[in-house]
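Both of the next two complexes hold chain A, though its partner changes from chain B to chain C.
Moving on to the complex of A and B:
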């Protein structure tokens, strides 16, 4: 990657183009030019200024605005900072959400931001699909009705199949100006949508096709210039950088210190390291950094590291349809043999903490969900004796110092990782070395790129592969990584079904029902799906059961929990968020909206 | 009892004249080789380097245990007596990685060179000697081979083929790289086939196989041999490059993998901590190339009498 950390892959960081200066003179005035990078995408100078385009020149928090910004809460996915939405109310049954827009919000061309803008944005979101904007009315958490109450208020109603993520999905809606993007929606769009959602037969199918058929048109739309409701407006973009100037109409313009923002492009982590060492960046979002490089970065004048919670963990996952990984004893044995502290020290010394155990949840969230129950999970400390006992219990045989399959055939553990994630590659190598030390023939096999890796993984070609888990804060999102589609549970049309291993993306191949000890025989996929609509109390109880199942059945071995390591430079600007701040995973643009980041006074 | 030793240069009356002549030629050839090598110390250095690499390839892995020892507390350790090139990301001696990794690199290089030369020479000789339709077809085939963008094709191939062994790797690199030699050999063949000695051979009614194998090929052997050595360096660069890009299977002692991990995992281009890890395989590649270049220099003089500085 062109090496990127695994966490970066989750955020779909792409790295391609070269970096340079904007090529023009930037007239820095009192507020100065704030320099940063976009951690979520590459800069593409020819991409349209369109947030629906995956590579569009819209930078979240700067010239890209959502209704609200998610807080980095370990367990509550519905915690948000206000943005275009100044406030919102949710009915007790979570069926109805009323959103109130910022009274002073205006677009950069002076037009006010209205409920119609939000309605058009939702209409455009329907063309792209998504959890809250699924055309299938039976889909969990799909919006059923959008009602403009007045110019600054909009009411959205959830369909019959409710989800606790409804509010969160609504508030994440990106808002675009109706007077620019509105023409993309045909005149009969809303009646077509109604037909698609409530109709039946061929007419409904045709309506669905018409709406999804708009997707390409929406993605390809290129407005002639940027019209932003955010604190900045795109001034120009070239392959090296994007330059944004302050939006005088932004509703909280007084809070914004810089006059301009320069978003630099990069080809890989090494370029970001060099920017940081030279002190060019005022902020860089999470970047995987070796220890020696971290020391160099910290030597730069004004350089500071801010650390916080990141709801992602790296795990080594098993294909339980392949022998001997169908046997929980084998999986547990491997867990007892892997020194997670050493693996983390080698793979992610600055961006991770060794997993305390395997629970499927990041340790910080796990403690919040499970309380003392977290300490009662088996920590799987390195214990070769226990590992040997587990392997014997699985029928594995030790011959000439090497473990073999029960029938005496050689056992070769192949650990698959994408070659482009060098932290995963080095972790896999460390694990293979440790297993070899304990008489297990282990090797690392790399896939040429991440897309190929995911494809082969889904096809069930791997016995063992690296897998991101614990994608919080929503408990459903956390456990669907273990007991979701990849393990055979598919949610379709509001109905859950389990498919056979090796089919429809079920590569983990776990059993549909497991013996969960004191919890009885449990269908973990069904429990996971229930997290979508369970009450907070029920959620806590379900999370406890699922964490215990993950700990005992070991569908994955949790290796390390990520730490959100941000870099800031206080030479030019101050008032950055502190460690563990809830805004830490948001862009600098959002920090500015929230009143942070002030010009350093001489 | 008296033992009579046949003194050098005195022909054995029992031996056939042809065998004696061949033995004398061989002796003179090796004397000439020795003379050419001694003339420039750099050439001797080249031979020493290549012999060292050959030994590394043959015996290197035998010097170390199958699983190289690691020091968990010495990740990216600086160079020391115990670790002349420091250690890697998991505390393994970098020198041990370079030595044990030499076999794969050299085997790939040799396999590539052998296939490149065998295919290129055969096609070039055949096309040049037969001319006509065969020449047209084979040269269009050669043009196609030359037009194939090697690196992108290898990148695509790597997604469907795992290249698990050096011979597989060598086969692919060799099949992609024979075009240049085929063209050059064809040109030489076209030139030589009009010479008098070939005309004479034809006039004597000697078979085509004899004319190509015994008359044409020896004249081009030096050129082919030099190309073979140069193909080794090309193959080393190509496979190390592919491993560096991370598109080939992971082997911790592969030089390309070492370069990749030094740069992307160790930050060797940003900080000096992982620099020895980067420099060790680079130095190995540099030395190997240098050794080959120096030997090619000597070969040039051995096979081209006009360059001899008697």
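Moving on to the complex of A and C:
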């Protein structure tokens, strides 16, 4: 017992020593340590320092750099802030893009950032596939030629099958140092790529296989230490956090205030809430927060909330292959019965605004795309009389105060949601309760996890389920959620085809052609695909037609539009972006690059 | 047969027993590996869609999400289930658990090794601490069972035994990490300290372990104290205790007789608990962001990382099988009745 007591005493002394040293680590310096979290991934200390690895220890905007950073523009996906690329020129049809690199950009080991680095980065991106770097020459928006003009200029040409997203996809290219990553590309890589893109027959197929065969090697590559062109460079990482120190060679080093950045890891939202309540974080990106927790976060000294546009909406989607949801009258009836304001108040009071209508687009983007046309859409205000009329038009019958199927059989609305999404579960419960009040037998069914939910949804097992829509700013991405793969339209090798409901992931099961009133009979999937290469004027017209179809046919009921709710703490740093700033969805590292975030003076 | 001869271990029998245990253990590992191989591949769900939608929800653009998903799930196992099984077993014989899908390019053994480090510290420390505390307090609770101290100790055991581990964890976090922030609750060590045998790093390691260890200790303490109290009460009524008291043996010697006999069944449970520690403690690891095996297993299931799931299940199985063998051998060593192969 005496020995045990001695051990316990020693442990207590060591702990007390550690407690005493909490605030005085070896990194306390003038610029301070900026503490944040990475909203896009959890830290994995075993992963390599490699941006091609999806869980790699590379943090966008800190030690991970792209050619440029996307602005949060509601309708134009080609709006970008300069990063490694200081400027760019693009031909009107986006056939050719010329990129000029920052003249003073250097890697953290002092080597200059050159066009060769960009070329190698593009080569590595080809091994991973992707829109701009697809090996299939017929793929829309694939790059056809990469030319180094000089040490700081590079020209990229788009293939014959043009996409209006080409510039955007190019500028998103992550740039890595050729002197570190270049060895991953074999000597004959570029000739193999040429053969894969322009050749034919077995030789071209072999070339494609060789390039895609490099993918695993590229992902698994683990440089011994970080070489970054960003404002910070990784010092060390453990399962609880990553520590980055300032890169003295960063091209705009004077704009960077903190000496170090600490990126904390988390296993769930609750941990982020605790960090925020205790005032540990200088910034946390969008995190879903219940009202009670929000109040406690705001009580923390220096705590502030910055809100902005988030191009995502939550919707309740129908499987139109299942009765009675194949009937637009039934879908419209449900839209007239759901009080979206109440649903939002219960499910996402801080992170959402009730959808003004169902158009498939976030209200802010919808206004920009549709102008006055937005107000002409049916807002689907709660109207039980209209709902009853729609249900009768669908042949549904009211018996003993309960709505039943046209043949008199009971109508049971089962709303499916993943159990792990508390906001969706709350919303589904609110909706089911509202429907029950209006004589519709509705229940909520939860799936154990999101993976299972999406698997069963794709297999067509659900009648009604929750679904994210309105993924802007690209109009193609917005409507692809309603009239894309989930609804039977598939793009393969530059060709569009429609598959039967219940097959190949077509769980929405809508008709291929719909009667769009004044717009005539329309194939919405074909129109959506055209958004990829249409001119801005044509895009506007197509978006108008598709929004009207979404509003009249109601393949989904738009419930709420997300609000990007960022948390900042001004106790240690100031000059955070204001509400609705175009940089809001980017990391703090990018804010620093743009000249924001300054040390608070004592 | 004299007592001395009866007490001496018969090494041939022990070796035969150990050999038998090992063979049974290997068969058990093979059976579990086979069952888990089949079960994890039958788990419903679409991991590719799940990953893509999760990334979108985290604010990634559809293009970025599509790229990241394609990279992650470009290496899903192919071939028939039978072919995959043969490949899996072949690799297993070479101690190759494969590569992780959710941490691409990284060996499963590396991930398990890394997670095991962070599981062993809080769970082992918590298990041993709760055992020592529970056993000691259990003896006192039994001896003083008619007094207030005994009642209070037994009540504390019953209360803590009934409170779920996550409630204790959340409560301690709320008090000591949020309301009165004197202890850290996120991660196993402060990243600002240079890893190594330096006071800052070791101190931070201990500081971060306090809340998980205390949570685990409090959550397990109730079970130990109640079991020990019940065992001691049972032993107190045995004839040899009465005889010892009648013979006027000192209290300390009687206490030793008592404790030694009462603790025997608990050693088996302790050995099994130590074997179970390779399963980690999911709630504690989740609450305190302790990246141990429990969290690794949960994440591997969510992302349907077959290789990692199989590897983690296997490590847990081996831990339990080995613990069973050790418990059995330990019992042989510490209980003369078992060693002699019959009643004492």
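Methods note: the second predicted complex is superposed on the first by the 577 of 602 C-alpha atoms of A that agree within 3 Å, B and C clash if a C-alpha of one lies under 4 Å from a C-alpha of the other, contacts with A are read in each partner's own complex, and residues count from 1 in each chain.
What we mean here is this: a contact is a pair of C-beta atoms (placed from the backbone, for glycine too) under 8 Å apart; a residue touches a chain by one contact, two chains touch by 3 or more.
Everything numeric here is computed off the predicted structure, so don't read it as measured data.
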{"item": "Chain C versus chain B on the shared chain A, clash or fit after superposition", "value": "fit"}
{"item": "Which of chain B and chain C A:425 touches, first, second, both or neither", "value": "first"}
{"item": "Touched partner set for A:452, first chain B, second chain C, both or neither", "value": "both"}
{"item": "First, second, both or neither for A:268, with chain B first and chain C second", "value": "both"}
{"item": "Of chain B and chain C, the chain that contacts the larger number of chain A residues", "value": "C"}
{"item": "Touched partner set for A:48, first chain B, second chain C, both or neither", "value": "second"}
{"item": "Which superposed partner A:277 touches (first chain B, second chain C, both, neither)", "value": "both"}
{"item": "Partner chain(s) touched by A:128 [first = chain B, second = chain C, both, neither]", "value": "second"}
{"item": "Chain B versus chain C as contact partner of A:397, first or second or both or neither", "value": "neither"}
{"item": "After fitting on chain A: smallest Cα gap, chain B-chain C, Å", "value": "5"}
{"item": "Common interface positions of chain A, toward chain B and toward chain C", "value": "268, 270, 274, 277, 449, 452"}
{"item": "Partner chain C, residues of chain A touching it in the complex", "value": "4, 11, 14-15, 17-19, 21-22, 25-27, 33, 39-41, 44-48, 52-55, 70, 128-131, 165, 168-169, 172, 215-216, 219-222, 236-243, 260, 262, 264-268, 270-271, 274-275, 277-278, 285-286, 310, 312, 449-456, 458, 468, 471, 474, 477, 480, 564, 585"}
{"item": "Footprint of chain A on chain C - complex, ascending", "value": "43-47, 49-50, 53-64, 66-68, 70-72, 74-75, 102-106, 110-111, 114, 118, 132, 173, 177-178, 181-195, 199-200, 202-208, 210, 285-287, 289-291, 295, 301-304"}
{"item": "Residues of chain B defined as touching chain A within the complex", "value": "67, 70, 72, 75-76, 89-90, 155, 158-159, 162, 246-250, 252, 260-261, 263-267, 269-274"}
{"item": "Interface residues, chain A side, partner chain B - complex", "value": "1-3, 268-270, 273-274, 277, 289-293, 295-296, 342, 345-346, 417, 419-420, 422-423, 425-426, 428-430, 433, 436-437, 444-446, 448-449, 452"}
